[in-house]
Structure formats: structure tokens, C-alpha cells
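Each chain gets a letter, A, B, C, D and E, in the order it is written, and its residues are counted from 1.
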Amino acid sequence: MTQSPVRDSELLDQRDLEEEEEEEEEEDYFDYFYDEPGSEPGTLSIEPDAKPSRIVLIDYDADHAVRKVDVTPNALIPYLGTNTISWMDVQGLGSEKILKQVGDIFKLHPLLLEDVVNVPQRPKVEDYNEQLMIIVQMVRSASDDEGFESEQVGFVLGAKYLLTFQEEEIEDCFDIVRDRIRGNQGKVRQSGPDYLAYLLLDSIIDGYFPVLENYGDRIEMLEDQIVLHPDNSNLEEIYSIRRELLSLRRSIWPLRNVTDILVRGRSPLISPDNQIYFRDCYDHVIQLLDIVETYRELSSSLMDVYLSSMSNKMNEVMQLLTVISTIFIPLTFIAGLYGMNFKYMPELEGRWSYFIALGGMAAIAGGLIFFFWRRGWFKPFYAVKKD
Amino acid sequence: MTQSPVRDSELLDQRDLEEEEEEEEEEDYFDYFYDEPGSEPGTLSIEPDAKPSRIVLIDYDADHAVRKVDVTPNALIPYLGTNTISWMDVQGLGSEKILKQVGDIFKLHPLLLEDVVNVPQRPKVEDYNEQLMIIVQMVRSASDDEGFESEQVGFVLGAKYLLTFQEEEIEDCFDIVRDRIRGNQGKVRQSGPDYLAYLLLDSIIDGYFPVLENYGDRIEMLEDQIVLHPDNSNLEEIYSIRRELLSLRRSIWPLRNVTDILVRGRSPLISPDNQIYFRDCYDHVIQLLDIVETYRELSSSLMDVYLSSMSNKMNEVMQLLTVISTIFIPLTFIAGLYGMNFKYMPELEGRWSYFIALGGMAAIAGGLIFFFWRRGWFKPFYAVKKD
Amino acid sequence: MTQSPVRDSELLDQRDLEEEEEEEEEEDYFDYFYDEPGSEPGTLSIEPDAKPSRIVLIDYDADHAVRKVDVTPNALIPYLGTNTISWMDVQGLGSEKILKQVGDIFKLHPLLLEDVVNVPQRPKVEDYNEQLMIIVQMVRSASDDEGFESEQVGFVLGAKYLLTFQEEEIEDCFDIVRDRIRGNQGKVRQSGPDYLAYLLLDSIIDGYFPVLENYGDRIEMLEDQIVLHPDNSNLEEIYSIRRELLSLRRSIWPLRNVTDILVRGRSPLISPDNQIYFRDCYDHVIQLLDIVETYRELSSSLMDVYLSSMSNKMNEVMQLLTVISTIFIPLTFIAGLYGMNFKYMPELEGRWSYFIALGGMAAIAGGLIFFFWRRGWFKPFYAVKKD
Amino acid sequence: MTQSPVRDSELLDQRDLEEEEEEEEEEDYFDYFYDEPGSEPGTLSIEPDAKPSRIVLIDYDADHAVRKVDVTPNALIPYLGTNTISWMDVQGLGSEKILKQVGDIFKLHPLLLEDVVNVPQRPKVEDYNEQLMIIVQMVRSASDDEGFESEQVGFVLGAKYLLTFQEEEIEDCFDIVRDRIRGNQGKVRQSGPDYLAYLLLDSIIDGYFPVLENYGDRIEMLEDQIVLHPDNSNLEEIYSIRRELLSLRRSIWPLRNVTDILVRGRSPLISPDNQIYFRDCYDHVIQLLDIVETYRELSSSLMDVYLSSMSNKMNEVMQLLTVISTIFIPLTFIAGLYGMNFKYMPELEGRWSYFIALGGMAAIAGGLIFFFWRRGWFKPFYAVKKD
Amino acid sequence: MTQSPVRDSELLDQRDLEEEEEEEEEEDYFDYFYDEPGSEPGTLSIEPDAKPSRIVLIDYDADHAVRKVDVTPNALIPYLGTNTISWMDVQGLGSEKILKQVGDIFKLHPLLLEDVVNVPQRPKVEDYNEQLMIIVQMVRSASDDEGFESEQVGFVLGAKYLLTFQEEEIEDCFDIVRDRIRGNQGKVRQSGPDYLAYLLLDSIIDGYFPVLENYGDRIEMLEDQIVLHPDNSNLEEIYSIRRELLSLRRSIWPLRNVTDILVRGRSPLISPDNQIYFRDCYDHVIQLLDIVETYRELSSSLMDVYLSSMSNKMNEVMQLLTVISTIFIPLTFIAGLYGMNFKYMPELEGRWSYFIALGGMAAIAGGLIFFFWRRGWFKPFYAVKKD
């Protein structure tokens, strides 16, 4: 899901109908998943462009750590009975058969499997007694540095395993966790799958900060532009910032609920010692919400600033028109007056009449210029010249 | 209940008084049902244009499934005592006699019968001990692809039967459920009437998504139009989108409460195993509310964008006027000056005076043009030419 | 309490100081009752223009129903000890002596009596152990079909009687209930005073719907006018609609609390069987709030639409001015140019000079007209001509 | 604390720097008390301009009532042990010694004494086991009938006494209570200090109503002015109404909490029989909040109305300009055309040319006037003439 | 963290790209701390420009008080076992080694240490059984009297010690507390570390008041300027006030929660006698929130006032233009009329024609001036002249 205003505005220039239709298919204002009305609950809706599924297994305890790539679902079975911690990472949600096999092996409830496979879902946590399902959205700044991309990550936390489902392989933050397991850094190898889930969740949540920071920068730049040189493109920029922040908030808001439930520790799958770590996640989510709301208020203030700047600009235009008109209209009238062809116009005859008329005009113009200067109407023109 | 802005604006052109009055009778901003003040509770108010009632019976268990059309109320009695699941679907709320017979046979409380028959009601769920009443609004996009139509559906859930009341036969989503019963797909034939109620409720809720998606598309199209060519019709379009979203929210908001009550499982008529399915409905309703609120915020931002675009347009108009006036007013003054008829005007006599005057005029015009060009006042005119 | 914007605006035309003062006395933006600061609690404040009190008694049970008009308070005493249901309806709150007698006979708490007599109070329900006091506001559309009138109704519900206090006799909806008692329709004669209180409360609540519908119609009409012909009077109309909706909401909002308390059945004076009826009232109040909020949002959107329409109109005015000025200013300059009196102006001498100048002017005018036509500036003038 | 917009605007005219500084010292946008950061809790901060403290004692029971003025703190000691009710009223908070003595005699907690002496505090109620502290703000309309003054009143309710602290002697409403004690009116002499506290609190709360009514009148007057003759002073008036309503709300909002706590009767110092009276106070506070919020919404609507009125006015100005310009610009062009000095201009020679030209001009002017008349552009000028 | 709008606007003038980049590094719209995504919880992130850490120890009981500067962490160990109260104040968060040693000695949880060291965090209170962690933001007005600086202070409250962490040495308010300990003023020497924590927290909270007062003054000054001479710089000022108030609210809002938790006394580390003091803190925080919200509403009203003032100004400009144009355009037309060169123009010949024409012009001008004077269009020009 990419929301890039730049591409939007390019589109407007091209205006090819065919392209617009293509566009509509691949990108929507707000993505959401809904079943075909009337479809059976638990139906897997594999999207045609979904990546094929592959499973990466990491099995570890305090003493060893093994990593296997492209494991078949059946090869996971031996790891279920052991006392070691197993992290099965399903990358790509395109292979219905593999997903169903995984569902059977782990005895996943049909609705659970539907939720992790049919993307995007609203972030949530649900307790299926033996298993705890957590669904969150991961975001990263889009490659063109405008807008952001989001991707769903599903966790299924069991007593001795953690099952994760991703739309495509997430490199950055998951790799760091992998390295930590391999390198036996920190306490991850000494802890259960709940601590592993915390590490992954925490890195997903921390991934929101740089995305938000990006919006902070864009708002700051916009403010400068709007105050100095407001133009139409600012309007589109504000609008798309607002739209994208709305969309971000839709991802973050339910995270508050998700982490709150985890902190409250209703599930026996999360050990009391590790609850304090989820409290840390909760704190970060609250901070994210704070920032999103702040940026939304700022972008809304920016719209006011934009309107005021436009009004300022219009005022300057009108002042210029008024200054010029008000000075010249009386002069032109006087010129017209002595351009009349009446036979008896005594002034016309005088030797110095012309110069007197010119002097009068100069006096009127001077008086008006002084009047406008006193009222500060020339200021905006000085100001801009300096710039 | 159709809310179609297109018909509204056509009406404004026709302006026939008689037609307007007809209009008022058949369509209101917001439909709602209220008793004649002072009327007896439990009174059935049959609307004159309501469709005559017919009953479709589907009786099934794991082993068989029977469908009977146009059943009389009395013919339903034998099915009440059996162990099979009976779905009695009352289509059309126009036959007071049939409705009252149904009420007597199923021992419906007068207020319950009033609620399912007197449309439209606010969505709600009420527990009458032996029966659980659920009232929801079904929506579908209007046939002319603008606005939406809504229709009330009432459920009465008993231990072994499900009674549904519809204003007119709902084809699409109910048929799919019927097919599933006939074809013994999924677990519907193995489950009780609560699961059947879930299936129907779920398909009604999922029916809101395409309607909302329609509004997403309209908002997206409007944004493009407003930024490029804002005009008066956008205003009406924004207003009617806002009005219709308000109306949609009025349908969806109480659904949250309805599904929440069902999830909490206060009624013994919903088996604990099936509560998890209603949790799925609840999730979808939350998502619907999310989307409605998002669209309302976007449509409100659009109004700001519209106002700003109008202000932009005005600015361009004023700039054009100011540029033209400011350039020509001084020139016209000079021309007027030398059109004066004073006897002694030395300049008039010179051989090259005229050309000097012309040159001076050109210099003034050039200076002003340079001044405006430096300040970027010609930009909007280039920009539009490209378009 | 009448809130009629028409009379407001008439007043503005008359502008007689005396009349304004009179006006202020009889009508306020928002009526509310407050004691003289420091006055004894329980003081009855009889307003000078209050109607004299008369008592109408209806005594009934399943077998009989008696109605007596203009009963003295003492004549009520015999009915207190009997097993029949007595409805004592006090119409008019102007006779302090009668009201105090009633207070003594029914042993009303001084604060209770103060609340039912000193109008208007905020709707509320208060439990005085032996008695349940309910205060609500009744509304009806004002006779001139703009604004609404409101009147306080106080209920004192006892074990075997219902005491009602009205500012003046309410005809419509109370009569229907009276007829039902007389005609033994429905279950009123078989039920206690709580059911009677429900019937009256329900008819008062249902009386809000036609008043609100009136506002829906006014908003709909305003929208048409604003989009086509916005003018200053729309502004006043929007403002008075907003003010009156605020006032309506102030009456309805506390009703929510009132009916909620009744539904929860904290008082033994309401039998559990009849609580379900108050649930019906509660539903209607929620629906009323829904509608009021919706209308408030719509009226607020209308203000935006009005501002945009004004801005549109201004844009058209400015475009006309700009079109006319931009076309004629250059032409007038050329005319002025050749009106100069320089001795040596070679063009003036040519045989076809005049026609060449005319042609040049026509070319310039044509070019500018084409420019404006391409940019669509003539559209608003066509559009309005059709209208 | 006086908030008088009139004085504000006078100040702007005077613009004496010295005076402005003085102003800043004595009057702030929002008064609030805060300790010097780091100061010891319980420090009394006596303001330099605080009135010297005097104590008025009223001692009464059902049989007698004694009033003593200017009592020394030590003279209060004998009244503490008796069974009569003692009301000690401390007027003026300027004498640190007296206040500390009172604190010692009544064993007031240092924080309690700080709260009643260091004004202004936020209204609150705090339970110090043996004593109940209540702090409220009293308001009255400012003497110049614009804005309001507020003053803090602190209550310390003991088992047999009531201690009140006022910034200066409050005459009106407290005198009425004093008279009632002296005259043995009502039940005050038969009741405890809790009933006395209720009487005083009630008269303070009722004192808000006339202040708010004042704002209702100002809003009503403003509306008339804005619709007819909007000007810049309206803007300041709206702004100061909004600011003062914000300030009033800051006083009233915490009162809701204060009265709510008193109603809930957590303290044994308030007898159950008298709780019902505090419920009356609570009702009034809710009504006050209702009114404040309503006025805030109305004043916010007024800002919209003002903006629209300005926009209307601008529209009229522009229409006038456009009408005049559009009619005369073409005529002036024609006049200029025939003012050209070309040698060969056949029209100039004709006998009736001049009159034909005049006729053509009249026709053009007539056509344009008809065009503007049809579009209703002359209406605003009629309208205003009538006014 | 300095937020100084003055520096912002200076920057805009300089516009050096390099400088802008530097700026971005050192100052952000909103500071917040986030871990590198995927980093180990409990990692200390020492900022490169953090001040080196030094520890100041104050050890006291009722009888003695000792102060030691630049203590090494190990030198703190002897003070842990004693019965005296020890306040260890860690100033500067730049020395990872010292911080880790402190963490080891006091057995701080890794997340606790992370929270106090990695600045800035959201204010919060967390209970680690043996220790209570409190994190708050301290603010002070920036040195250039615009904007404010904020600094994090972390408290770790143990049974017999208080550990504080500051970014740099806070002089003012902490010194006062130090002096009070040394001088044995108040009850600090007789109380435990919870009372000490209260004193410090209270002085931090009271430090917000002068910062807020500063904003009150700026808003008051802005209002005067905007009503009299609105210009573009007001817009930036309003925007930066809004931004900074948002930022302040982000600091204060969580303080409400922090103090509320402390008042509720969930931790045994706070003695019941001292809870009443934290109630005082809570009151002050509520008052701060009140003021912030009030200022935010006022600044939002100011934006409306600004827009209206701009609109007023534009109105005056347009009125001037319209007055001048409307008076002179008809006159110029008449002058043009008699400047035509038709051969037969009878008026031109008349002896008094010229004077009659002049008289007619004067009459028209006089009529128009009277018309405008009657409508009050000259008022704004008088008004400003007075000013």
C-alpha cells in the first residue's frame, strides 16, 4: 500500500483513462479487507499478486540456535514437541496449500487463519486459549521518500513456538533480531517465545518513528513555503499529508488497544516477568499517537495559514490596483476635461494654463502618494523587493 | 430510502411545485419512524406502499433441507415443535393479517412486532427471554450509482428457529446463504439458528463495504476536479456526500452496539462456540466506522480545499485585472495629457514629440511588465495554457 | 417560550425602543429558571402571567372510569386511600394556594413542589422514596410554523396515583390518552399509574418528531436557496436554525438520562413488566438525539456552503468586471492615443488609417474574447440566463 | 478580577506606555495563583493590596441568634465547645497574623489555610476528616455592566461551626442569609452548619445566572448589529465575549465536581437529610454549564455570521464597482473613439452623427442596466435605502 | 529543546542551505526519543553532546545534613544502609560508565535506567516494587524570552534514598530545596524521601506557570496588534504560539496521570501523611491544563480575528477603489463625450456650455459623495486618520 502524492499529481497530468483504471485497481485511498458478502467464514482469499509462501525456521534455546530456510510445513512437526523455542516465519501469503497445511499442523482456528492471511486487517489481539494471535501493520517510508508503505504482520504465539506471517520478507528489523539470536546477544536465548514476540513487536513499533519524522519535516518545509510563496501545490500537499496521517492513525490507534491487552497480561502465554517489556511497547504507542495527533493539528493550522496567506496576497494585489487607479483616475479626468472641445473654455487660452494644469496634477498625485505612504500601502512592495 | 443527489439537482431545474410536493412525500432527508403521538404501543403502522407479505420457509438439519415458498402462517406451526432448524423469512411488510398471525404463533411481544414491522427503526438488539430480536439496516448502492438505498431487516432468534422480516425480498446476499444450506456447504447445516443468524448478519455487514468504497471513489474524483477546475457543482457534491455519510454513520454506529452485545453473549440463545463468529462481525463494524469517519474528515478537508481553490481562482482573476489596469492606466493618462486642447503646449509642436511619447509609453509598459514578471504574476496564465 | 425568527426580524424593522424592552421581558434567548439569589429553598415563584390552576381528576380501574373537572384539592383526599388508579392533572401553575394545598395533601417535599411549579426546569427524574418525580419539556411547532413552543410537564408518580402539573392545558396528546382510558382501549385500565405515566411520557417524546421534521424541511429548503440564490436572509435563517436546534438539544439531552433511569428500574414504583415500555421511550430519545445532532452538522455544513456560494458569486462579479475592463481598457488607450494633438502624427493623415485602427481594435477585442471564452469565463453568465 | 472589554479598547486609544504597564500589573487575562517555585507548602502569600481581615461571628440555635462584629480570633474560642451553631465569617485576607491565629484555633491543616488564603484557587472540595474545605468563586457583573468580577469564597465546615473566608465583604446574597438567621425564617435555625453552608453555596451559584444572562443579552444585541451593520468593533466584542465565557467556564466547570462530591455525601459532616439540598445546587450548576456551552457555541456561530456579513458587504461593494465600471467603460471607449484625430473619419461629418452616437450610448447603457436589473444586482442598494 | 520562532524567521531570511541542514540536526519540531528499531531493550543511548555526569550527594536527617559534590558511584554505597535520608543527584547524562555503576549499585531494572537516561521520554510513573520511577519534563522560558526550553528530570524513589537524574544542573528551583534542607526550614528534615520528591516535583510543576504566563502576554499583545494593524508576521506568530502550546500540552497532559497515580498512593514508598501534598501537585497540574487549553482556544479565536481583520482591510481597500472609481468614471465619460470631434455638436457652441458641463459634473460628484457618505463608506478613512 503506497500513498505517494507525487504519483497522484503526475497522473493528473497524464489523464489517460486506461491508466486511471489500472491505477484504481492497484491503489485505493484506504485499503481494507472485506469478504465477498455472503462468503463462508474462514475462507482464504489469496490475492493473485501475493508472493509464494516460504517458511524460515529458527530453533533455539540457551545452548544452541539452528536456522533452516524453505522448510516444508511437515518438516515443522518434529519441532513442536521439543522443549526448545521455535520461530517459524512464513514469508509471502500466496500459497494456499502451504498456509492450510500450517493451519492444520498448528491447529489454527479457521477465523485465525483467515485473519492472518486475508490482508489487510485492523490490528488486534485475540486469545484462542492455546494460542494468542496478534495482528499489526508494519510501515516504512516509501522508496521515493514521500508517503509510506504498510505491510501486515501476524503473530501466533504458542507455549513453545512463535509463528509469524508476513506479506513479504521484512529485512531490516527482523534481521537484527535474527542476528541477536544467532549471536546470543541479550536475554533472548534465555527467554521464551513471548520475549521473542516482544522483540519483533517492539521493532515494528519503533519503525513508525522515522516514518512520522518524515511528516514532521514535510510540515516544517511546507510552513516556510506557505508563508513566503503560497501556491496551489501547497494545497494538494497539505491535503495529502492530512490523508496519509489519517491513514497512519488508523494503523496506530488499534495498536494502543493491542499493547494494552498484552500489558494487562490476560494470557498465560505471556510470563509476568516479560509483561514489563510490553509496557515499554505501550509507552511507545502512546507517544506515536501523541505525535500523529500533533501533526494533524499542525497540518490543520497550516490550512488556516495557507488561507490567510492567500488572503494576504490578494490584499496586496488589490492594494496595488487601488493605488494605481486612485492616483491616475483623477489625473485622467483632468486631462479629459481639458480635452473637451467647447468653444469657450477660458483656461485653454492662458499662457501658463498647461503648466498650471500639470502642476495641479502633480500636486494631486503627490498628495495621494503621501496618503498611501502614510497608511503603509507601499510596504508590501518594498518587502517583496528585498526578498 | 434512496438518497440520490442527481435527482435532487434535476428537481431544482424543473421547479414544478406539484412535483416538489410529491417529492416531499416520498423522500425525506432522514427517514425515521415515529408513532402518531399518543398512539397505543404495539400498534402496527402498515405503510400504504408496503409490499404484501409472503413467507419462505427453509427447514433443515444435518441430513435434509426443505424449502417452501408462500407458506401461510398456520402452516408454520408444525415446524415449531420439531428438532430441525427452521428459517422463516417474511418478505414484505404490507399484510397486517399475516404479520399478526405470525406474531400470535411465535408469541411475539407487541413491542417486538411493532419494531420489526414499523420501519425504519434504529438498529438494536433486545432480549425477550425466549427470543432475541435483532434489527439492522441493509444498504446497497442505488441503481444510478449515486447515493444508496437502505432496507430494514429484523431477526427473531428462537431456540430452534430464525424468523426474519424484510421490507422486500433481498436477493444477493441472502441467496448465497440459501445456496449454502441447500448445497450443505460449510458448517451451517451442522449448526443451530444462531450460526444462521450470524451468516445473514455478516453478509449484511459486508454489504456496507462496496457502498463505502463508492464514496471513497467519489471523494477521490472530487479532489481531482476541485484542484483543477473548481466549480459550483463540486459544492453540492461535497454537501451531498457529507449528508449521505452522516446518514450511513447513523446506520453503522448502533451496529457497533448490536454486535458488541452479541459478542458478550448475554443470551443463552447464542452458543459459546458461535460467539467467536460474532466477534468477527464486530471487527468488521469497527472497520466500517473507521472508514466512515475517515471519509467524513476527508470530505471536510475537501471543503477547505474547495474554498482555497476558489480563493486561488479569484486571485488569478484579480491579478489579471490588476496587470491589465496597471499597465494601461498610466499610458491612457499620458495619451489623455497630450489630447488636451491648451493653446500653449510646447511638446505638441516638436517634430519627434509623438515618437518620444510613444517611446516613453513603451518604456513604462515594459517596466511594468518586467515588474509583474519578476513577481511571478504571469505564471498562472502560462500554467493554464499548458493544461 | 416561543422562538420565532420571523418576529425577530420584524422587530429589527420597527426598532421602537419601548417595544424592544417589552420584548425582552416576555422572550429570552434561552429560558431558565433561577431563584432570586439567597432565597429560601422550596419557595414557590408564581409568575404574574401564569394561568390559574384547575384540577382534572380521572379515577379508574379495570371496571370503571370517572372524570371530574375543576376539583378542589380537598376533594382529592378520598381518592387517595382507594385501590383504584387516580390521575390528578393540575392545569395552570398560577394559584399558589391550590398548589400548596396539593403539596400538603400529597406530602410533597418542598424542593419537589418548587421543581414542578417554578418553570422551566431542566428535565430530570428524582426519587423521593414514596414518590417519583419526573420533569420533562413538551414541545410543539409554533403556530406560525417557524420555531417551536415548549412547556414544562411535571409528573409525581405514587403507588396508586399519578399527579401531573402543566403550565397550561395540553390538548392533543393528553386527550388521546384520556379517550383511551374512557374507551378502555389497550391495557391502560388493567395497568397501574406507571403505565399511565409511560403513555403520557411517550406521547410527549413522540411530539418532538414533527417539530424536528420541520427543521429538516427548513434545512432542505435553505440548501436549495443557498446554492441558487444565496443572500443575506439565508444567514439569519441558518443562525436561527442553529440557535433553535441548540435549544431543542438542551431539552432532549437530559431526557436521555431521565428515560435511562426509568429503564434501569431503580424505583419500586415502576413494575418490572412495564420497564420494557420505558425502554421504548429510551429508544425514541436516542433517535431524537441522533436527528438533532445530524441537523446541527448539516446546518453547520450549510454555513460552509453559504460562504462558498458567496465566494462563487463574488468570483462571477469579479470575472465580469475583469472581462469588461480587460477588453475595453486597451481599446480606450488606442482611442486616446490617436486623440493626442501632436502636430506630427503620420498615422493620422492616412486615408485608411481610421479603418485600420478600427480593425486593430476589433482584432484585439476578438483575441481577448477568445482568450476568456477558452478559459470558461463566460460560462457563469450563460448558466444564469438559462435559469 | 475585572474583565471589561470597554476599558481594553479605551486603552488602545490612549496607548500610554506607562499606563499599559500599570494595567498589566493589576489585570491579567486569566488570574491564577501559583507559589513561587520551590516555596514551602503552606506558605501564606498575602497580596499587598489585600483588605485587612475582620471577623464577624453569628452564633445561633433554634432559640437565639447573636451577631458580633470585629471579633478577635481568641474571642472565638468560647464558641467552639458549645452546642450552638457558630458562623465565623473572615472578611478580607490581608492580615497574616489574624489568619494564622484562626488557623491555630481551628487546627487547620497548613495546606487548607494556604488554599483559602492564597487566591484565586480552582474551585474544589477537600475532606480533612474533622473539616470539609470547599472553595468556590463568586461572580457578579462588573459595575460598568460589561464583563464580570470574581472573588474567592472558602468554606471550612466543622461539626458545629462554619468558617468562611472572603476577599472582601460580600453584601448582597450573604446579607439575605444573615437576615434569615436573625428573622428565624425557614429552617436554618433548626438545622446544622451544613444547611448554612448549603444556603451560602446556593446563593453564590444562583449569582452566576444574572451574569450569564448579561452575556445572552450582549450576544443577542451583537447578532442584530452584525447582520445590519457589521464593523470592526463587533470583532473585538465577539472575541472578548468568547474570552470571558472561557473564563466563566473555568469557574463553573469545577463547581460541577464540587457539588457532585457534596451530593454523594462522602463526608459525615453533611447530614443525609440535607444532601437533597446539595442535589439542588448540583442541578443549578449543570444548568449553568448548559448555558455557558450554549453561549460559547452561539458566539462561535456569530463569528461565522460576521465573516459572512463582511463577505456580503464586500460583494455589494464589488457589485457597485462592477455595475458602474461595466456601464461606463464601453461608453467612454465610444467617446474616445470619436475623439480621435484621424483625418478621414466619415462618421464625424454626418449631420446627425452626434445624436446617433448619443443614442447608441444610451442603448448600450440601457441594455446593461436591464441586464444587471434582471440579475438582481440593484437589490442591495434598494434594501439599504429603506433602512 | 528550544523552540524560538524568532530564530526560525531569521533563518528564513538567511536561507543558506548548509545552515538549514545544521539546524535540522540540532532542533526538531517535537523531540522524542526512540530506540534504533530492533535494538536491545535497556540499551543506553548516550547523545554525543550530553554533559559528563557528576553526582551530588546530600545526606540528612532531623539532626544533621551533609553535602558532597562530585562523589563517585562507589562512594554512595555506605549511605545506602544507613537510616538517614540520602539524595543522590546525578547531573549530566553523558558518562555511560558512571550511569551503569549507579544502575548496578541501586539495582535499577535495565528498562528503568533506559528511561531515565535516554531523553526525552514521555512523563510517567512506574512502580518497580522496591523503587518508584517518576519521569517529568521541566520547562523554563528560553533566554531570548520567546519559546521555552525543556529538560527531563528522572526520580528514583527508594525507602531511604532519592535518586534524581538531570540532563544538566538545574539551578533555580532545586537550589531552594537544597537551601531548605541545609537551613532546616519547614518539615523536610523531619520527613522521608517521599516528601523530598514532593518538594522537587512541586517546584518543577510550579515552574510551568511563568512559562505559560509568557504565552498569555504574547496572546494579549497579538490581539492588540491584529485588531489595529494586522500583517503577515502575526500569522507566523499565531502559528508558532499554537505549535509551542501543543508541545507544552504534550508535557503537561501526562503529568496529570503521573500526579494522579501518586495521589492514589498505590506505592508503599509514599507515606499516607504525604499523599495530601501530592494532591496539591495534582491540583496545580489540573490548573496548568486549564490554562493551556484556554490559551489554545484563544489562539484559535485569534486566527479567526486575524482572518476577519484581513477581510476588513480588504473591504476598506475595495471601498476606496470603488468610491474613487465610481465618482470619476462618470465624470471622465462626460469629459470624453465633449472631447468627441463630431462636426455638429450644438452644445459645444454655447457661451456657457463649458460652465454648465462643469456644473453638471460637480452635481454628479456631489450626489455620489453624498450617497457614499450616507452609507458610511468614508468612516474607515476618518477612523484611521485619528489613529
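Note that a contact is a pair of C-beta atoms (placed from the backbone, for glycine too) under 8 Å apart; a residue touches a chain by one contact, two chains touch by 3 or more.
What you see is a predicted model; the values in this text were computed from it and never measured.
Trainee: Just send me the rotation angle from a CA overlay of subunit C on subunit E, rounded to the nearest 5 degrees.
Mentor: 145
Trainee: For subunit B versus subunit D, what separation do you get between their C-alpha means, in angstrom?
Mentor: 43
Trainee: Would you mind pulling out the distance in Å between where the CA atoms of subunit A average out and where those of subunit B do?
Mentor: 26
Trainee: Give the residues of subunit A touching no fewer than two other chains, as numbers and ranges.
Mentor: 307, 311, 314, 318, 321, 325, 329, 332, 336, 339-341, 345
Trainee: Touch graph across the chains, line, ring, star, complete or other?
Mentor: Looks like a ring, each chain touching just two neighbours.
Trainee: Can you list the residues on subunit C that touch subunit B in the complex?
Mentor: So the residues of subunit C touching subunit B come out as 172-177, 180, 185-186, 198-199, 202-204, 206-207, 209-210, 213, 216-217, 219-220, 223-224, 227-228, 276-277, 279-280, 283-284, 286-287, 290-291, 294, 297-298, 301-302, 304-305, 307-309, 311-312, 314-315, 318-319, 321-322, 325-326, 329-330, 332-333, 336-337, 339-345, 375-376.
Trainee: Across the complex, what residues on subunit A touch subunit B?
Mentor: By the definition above, subunit A touches subunit B via 12, 24, 28-30, 32, 34-41, 109, 111, 121-122, 124, 126, 232, 235-236, 239, 242-243, 246-247, 250, 303, 306-307, 310-311, 313-314, 317-318, 320-321, 324-325, 328-329, 331-332, 335-336, 338-341, 345, 347-354, 357, 384.
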